[in-house]
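Single-structure report; data block below.
The letters A, B, C and D name the chains in turn, as written, and every chain counts its residues from 1.
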Amino acid sequence: MSARISIQAEDFDTGAEVVALTSGRKDVGACVTFTGLCRDEGETLAALELEHYPGMAEEEIARVVAQAQTRWPLLGVRVIHRYGKIAPGGNIVLVVTTSSHRRAAFESAEFLMDYLKTRAPFWKKEHRVDGLARDWVSAKDDDDRALERWEK
Amino acid sequence: MSARISIQAEDFDTGAEVVALTSGRKDVGACVTFTGLCRDEGETLAALELEHYPGMAEEEIARVVAQAQTRWPLLGVRVIHRYGKIAPGGNIVLVVTTSSHRRAAFESAEFLMDYLKTRAPFWKKEHRVDGLARDWVSAKDDDDRALERWEK
Amino acid sequence: MKAVYFAWVRERIGRTEEEISPPDSVTTVGDLIGWLTGRGEEYAYAFEKPAVIRAAIDKAHVKHDAPIAGAREIAFFPPMTGG
Amino acid sequence: MKAVYFAWVRERIGRTEEEISPPDSVTTVGDLIGWLTGRGEEYAYAFEKPAVIRAAIDKAHVKHDAPIAGAREIAFFPPMTGG
């Protein structure tokens, strides 16, 4: 199992990460990617600013990836989470999983995203188009509830 | 909602399809891709040959995509299914979904794959390394069971 | 009407398509499978387990009890294994 | 030990990190939040709803009842909103 985690300000290329996890191998039957992007929220959002806890971000994501590996027969995992200022349309987060079978690839990618959302030490601040309020995004109850399905 | 379906012998580029569904837009918050690849089954498989029912393949996939659109708030869907001879490591099928939110993108991609597997008129024949048996792949009960979760 | 065959149904019958003219007593897809089965060994082999055979009328899935009246193209094939 | 702050906890306190030396009576994360609250208005504002504050000891999540003995770095922050 290969697992790579990057916390970076730079943009990423979803397609290149798929190629990295699949090319030259003949055992991968399924590759799932999740790309999270910055929305402009009906043209009200000028940018998101992502703060993170250096060191802990990598470690916590590694713990979540290790959990996924014990639950599903994964061949590869790639996680990239950006920090800094991101404009609408820009990439924020990427999860790629590969496995022999589709169910493992789908479920593990969704599991990783659900856990990243609630456990990875990142915080979003909104810069609004009107220039007035700059507000920290509130955590969603939905995101906590999303974890319940994995805890049966 | 944009939806594009291609049935083709040519290879595809997962990354290029992600770019096509996300670039220049500010409303997409989540993009999920599923890429299905040909496995060599422990070095026993030389190639897969995919037969399809021209005309019906496009129509049936369009029906499945239309169903997905009624169930989830999707911004874009892209489906590519290849036919002909495909070597281990080669791409077979691609599903890309985009939405404002991650749950819709994940669930609809998984729904589309479950339905494609059991409803799209494609049949796989295995060419084996030993050159002997060339056998049609049997349908899996698992694939039928996979549909049950969507029929509640 | 036109009958078309795919995968091992096609291989067993030995042809990809043909014009057929079943008698009026053949009203459903299931009837048609029975009628085709009587046309020769290759058909009997292709349809030896009728329950596993899938059918489509004019490029849409149908069940064996579907009426064939008005059909232009009827397809027979094994369970799908794409994706 | 070092205390580090993130997001609006950091903004309210007005600093990113500091060395702290709580008395021996402060044994848990919850105790430490209480002790910090007494250090001034900016701390009282940051920790006004202690239940929403998340903590990590040496870069791993902990609950408020976790002991702080041996900790080198204790972080306080709001619920995470990454991904």
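Observations on the structure shown:
We adopt the following convention: contacts are C-beta pairs under 8 Å (C-beta built on N, C-alpha and C of every residue); 3 or more make two chains touch, one makes a residue touch a chain.
All figures in this text were calculated on a predicted structure; none of them were measured in a lab.
Taking each chain's centre as the mean of its C-alpha atoms, the one that lies farthest from the centre of chain B is D. Rounded to whole angstrom units, the spacing between the C-alpha centres of chain A and chain D is 26. With centres taken as mean Cα positions, chain C sits 48 Å from chain A. Multi-chain contact residues of chain D (touching two or more other chains) are absent. Contact with two or more other chains is made by residues 36, 113 of chain B.
Chain pairs that touch one another are A-B, A-D, B-C. Those residues of chain A that touch chain D in the complex are listed here as 36, 50-53, 55-56, 59-60, 63, 81, 92-93, 113, 116-125, 136-139. Chain A meets chain B in the complex at residues 13-16, 18-19, 22-40, 43, 88-89, 100, 102-103, 105-106, 109-110, 113, 146.
Those residues of chain D that touch chain A in the shared complex are 4, 6-8, 56, 59-61, 75, 77-83.
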